[in-house]
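Next come two complexes built around chain A: one with chain B, the other with chain C.
== the complex of A and B ==
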């Protein structure tokens, strides 16, 4: 089934028609955003609900309708059920694209918020304005060199020469320094700090001050000991000497790895499963309320 | 959805859960006095935390996680709206840090609406809701900086969190902030339990709005979820019983993988023969894969299930 939208997405890259469609879609998007902003709240809510219901209904239909399996690229549908199934399958990437386009619009608002806060602090010379300066400069540099590098690779490098560092220029080295040399390293540094935070959190959590904390401490100790090879070896050898190597002896269940497995499989996994059921049901109910317009969001 | 073999059971059970939720919403709307909800300590602590921030004259920090705009972040914003309502009444400054542009936009709308409905639109400041970064650790670093600089008195960490959860919790602890946290991710809940003062565990996170607002729709939906949980518990018990009975009988059929098409294993049921017997010639015991329940959870894709290759085809372009 060919959707009318396929005419837009099916245009050749770089063609005038595609650019025309893109400009048209952008203008339409801006007009819709402005119209929604100017619309009174009483009118805005029903229109938001209609859009929510329509998109939710599409995904509900996609989920519940029998979908084609092992579909060949030239297969044509037979009968009503298959026609709808094929149509839904074809439409899915297009509908998902709408969400991506909306998010792209919203990212602009996010950048506006960031600049609003930090430029304001900068111009008013408020406390810690130096951090804001670093943020704005970093952001501008990353945008400039990121796009410059991307455009070079996308449009000026048909033979993929820039895949090798030997062919890099100032722009490519600058982007590499900013992205791999700084941003990625700082990400890694933040991630590494979690190790120290785990230590301090564990110290507070494992202080024996209640029955729950004692149980937590005991289970954590069993888990830690079970993955320490030396402890496991000494303890297991001790058990083996008591059982005489008989694999059917009941004392084998007292080995630290067996106890740890029991705690994980008998105590932890069922509890997690129960939590997952609860969370899944909560998400289902929340989604249902949003879809049917029963959820009032934040404002009551 | 694939309806091959037994996969329709999942759809049927889900639709029953949906019916439970809708039925209880109708029930709650018609019932005077409302339905009972048990006490949730983490939610009782919300007002205490806001009161503490008010007394100290320091801001309340709210983080809706780093997920995209979905049911989890909408639920987090719903709780934040309640917190903001209380904070607005005492003129306590608030700060919401977002890692997703869509969540940021919705958060700004929600918080502005809360101030306006409280008749305090003039006190609303655009900087209350801030987009920090959509990169996980850049966001973590940015928010940690805000926690340290603003010396927040209370922090609400509710939403979708990953590795950065502990960074937030421990940073808040280092400035002496009271923390109320909740995540639907089981991997992060233990970190929150270890580091935070109050934690909403599992579906308590979704129960929060019903607990705080007591609206019939929300309370009814919560009771519907409980009915769903009871159904799941009953199914688990029934499953254990059926499985135990099934395992005591001798195997008559076995699942055999007969091929593969496009990454999907094609399976057939075949009768158990002598080749399946034990070394001493006795009939082998039933395996869990021979049971009826295994069949329900592992639907069979048989070779005949795939479509007929003689179906009509599109005409090639130019032909």
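== the complex of A and C ==
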């Protein structure tokens, strides 16, 4: 089944036909966006619902319709059921691509929103405008050096010499400094601050005030000690000396790793399964409400 | 009044910044000493290493690298251990991400560092030994499409090939993917993640190929049900998972100590045996090649955890001392 969309995605990069399709898609997108903006709320809600239902209906059909198994590249469908099954299977990557492209638009939306907020604060010299300036400058620098680095690698490095650091130049070092030297290090530093909060909480908040808290603390201690190899090994060796190395001895069950394994497999995993079931049922209910247009929020 | 307080009660009100200072000093000390700390590998880490050990040189695997540097204490070690094993065994791989736009660059940097360590003839070459396919937004849709048909999902994608003069080539014509007709032809998929992208992989790809995961300690418990159910073949959790992997890579698993003195023991999986990785760098032993961030950070982890246990104990003793004083007053 050759979908009309396949004709668009199948064009050669840089060909006139592809550019024509892209311009057409852009104009259609702008027209649709303007139409949606001008549309009264009364009309907008059904439009959003129809788009949502159609998108969900494809995946619903894909899920319930018998799917061809071990299909070869030259296999042809026989009968209506197989034709639909083949068609759905062929359409899935195209639909997934559309979903991927739509999701990628969120990045653009994020950049727009960020610039809208911070440029506004900057030009109006609102409180903490200096931070907005740093943010915008950092973003612009990262975009410039990111693209510059990418273009060098893509178009000026046919032998892929830049894969080795020895061949780097100013642009590559600058991008590495910005991305790995600054952004990623700050990212790691922010995350590592959790260690301080956890330690502070362990000292000030983790108190045995009830039976539940005692059980929680006992479990936590077992899990912590099981990760500490040195403690585990000393304790295990002690038990081994008592059992004489007999793997069938009941005292082996008192090893920290054995107790931790029991806590994980007998307590933690079933509890998590129950939670996952609950979350799954909630997601199913929410998904159905969104799909069938019963959820009123977010479409006005 | 205050001079009658016990040391435990006085400690209840001391400045928390002292606690932070102790943490900084001790953890920093832990980073500079990296002693051999004996540890039994977790059963889930054993599963991962045994799965990797079962791969052949001609296999192609998928590496879904969904992490960024915020969790690099754990996930960078995971990816490095995985790549070192894969590169030592000359297994081909496809690397991509479904989670974060920054992730491809982060994993690219990690791969470059490891590649730079290798001698020229052993270096992994783009388009020949591995592929980098970048970022795919919408993990749910992308994973479903990958599971449906790997050929149509990545249809038309091109890559540069090292030694090809800069020309691009269809990825399914490269040595990495030329023998892959369907997802089941891949040796395994390993998801390196600090988030729930492994859930999606299990939901959409289960039963098609062995799924393994390397995740942060926070996410680990959430994935254990999949491991216990057999849907995930192997799972390295947190920094302990990195250490487990490195120890097994360096010494092998459940091997005869006479032949492999550094072999680690797993009581629960004593029937599973796996060889250590063979270092691709001449003059470097398996241990020298394999031991990296796991060994470097494990002492610091032990120290931090010991400090936390002490903090909990000291905090509770202080609380009881204060309660006792109130009762006696």
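Please note the rule applied: the second predicted complex is superposed on the first by the 242 of 300 C-alpha atoms of A that agree within 3 Å, B and C clash if a C-alpha of one lies under 4 Å from a C-alpha of the other, contacts with A are read in each partner's own complex, and residues count from 1 in each chain.
By definition in this document, a contact is a pair of C-beta atoms (placed from the backbone, for glycine too) under 8 Å apart; a residue touches a chain by one contact, two chains touch by 3 or more.
This one's a predicted model, so the numbers in the text were calculated from it and none came from an experiment.
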*asked:* After the superposition on A, what does A:190 contact: first (chain B), second (chain C), both or neither?
replied: both
_Touch test for A:265: chain B only (first), chain C only (second), both, or neither?_
second
*Kindly classify A:204 by the partners it touches after superposition: chain B alone (first), chain C alone (second), both, or neither?*
both
*Of the partners chain B and chain C, which touch A:109 in the superposed model: first, second, both, neither?*
first
_Just to be sure I read the superposition right, which of the two partners does A:227 touch: chain B = first, chain C = second, or both, or neither?_
second
*Where does A:66 make contact in the superposed view: on chain B (first), on chain C (second), on both, or on neither?*
first
*Pick one for A:164: touches chain B only (first), chain C only (second), both, or neither.*
second
*Which residues would you name on chain A as touching chain B in one complex and chain C in the other?*
102-103, 106-107, 183, 187, 190-191, 198, 200, 202, 204, 272, 276
*Within their complex, state which residues of chain C touch chain A.*
16, 19-20, 23, 27, 37-40, 43, 68-73, 101-102, 105-106, 109, 112, 115-116, 126, 136-138, 141-142, 144-145, 148-149, 152-153, 155-156, 160, 162-163, 165-166, 221-222, 224-225, 228, 238, 240, 243, 267-268, 270, 298, 301-302, 304-309, 311-312, 314-316, 319
*What residues of chain A sit close enough to touch chain C in their complex?*
9-10, 59, 89-90, 92-93, 95-97, 99-100, 102-104, 106-107, 157-160, 163-165, 176, 179-180, 183-185, 187-188, 190-192, 195-196, 198-200, 202-204, 206-208, 217, 221, 224-225, 227-230, 232-233, 236, 247, 252, 257, 261, 264-265, 268-269, 272-273, 276
_Complex contact set, residues of chain A against chain B_ = 63-72, 74-76, 78, 102-103, 106-111, 113-114, 116-117, 120, 127-128, 131, 183, 186-187, 190-191, 193-194, 197-198, 200-202, 204-205, 272, 274-279, 281-290, 294-300
*Which residues, counting only chain B, touch chain A once they are in their complex?*
1-4, 11, 14, 17-18, 21-22, 25, 68, 71-72, 74-75, 77-78, 80-82, 84, 98, 100-102, 104-106, 108, 110-111, 113-114, 117, 126-127, 129-138, 140-141, 145, 149, 163-164, 166-167, 169-170, 173, 184, 186, 189, 191, 193-195, 201-203, 205-207, 213, 215, 217-218, 221-222, 224-225, 228-229, 232, 261-262, 264, 305-307, 309, 311-314, 316
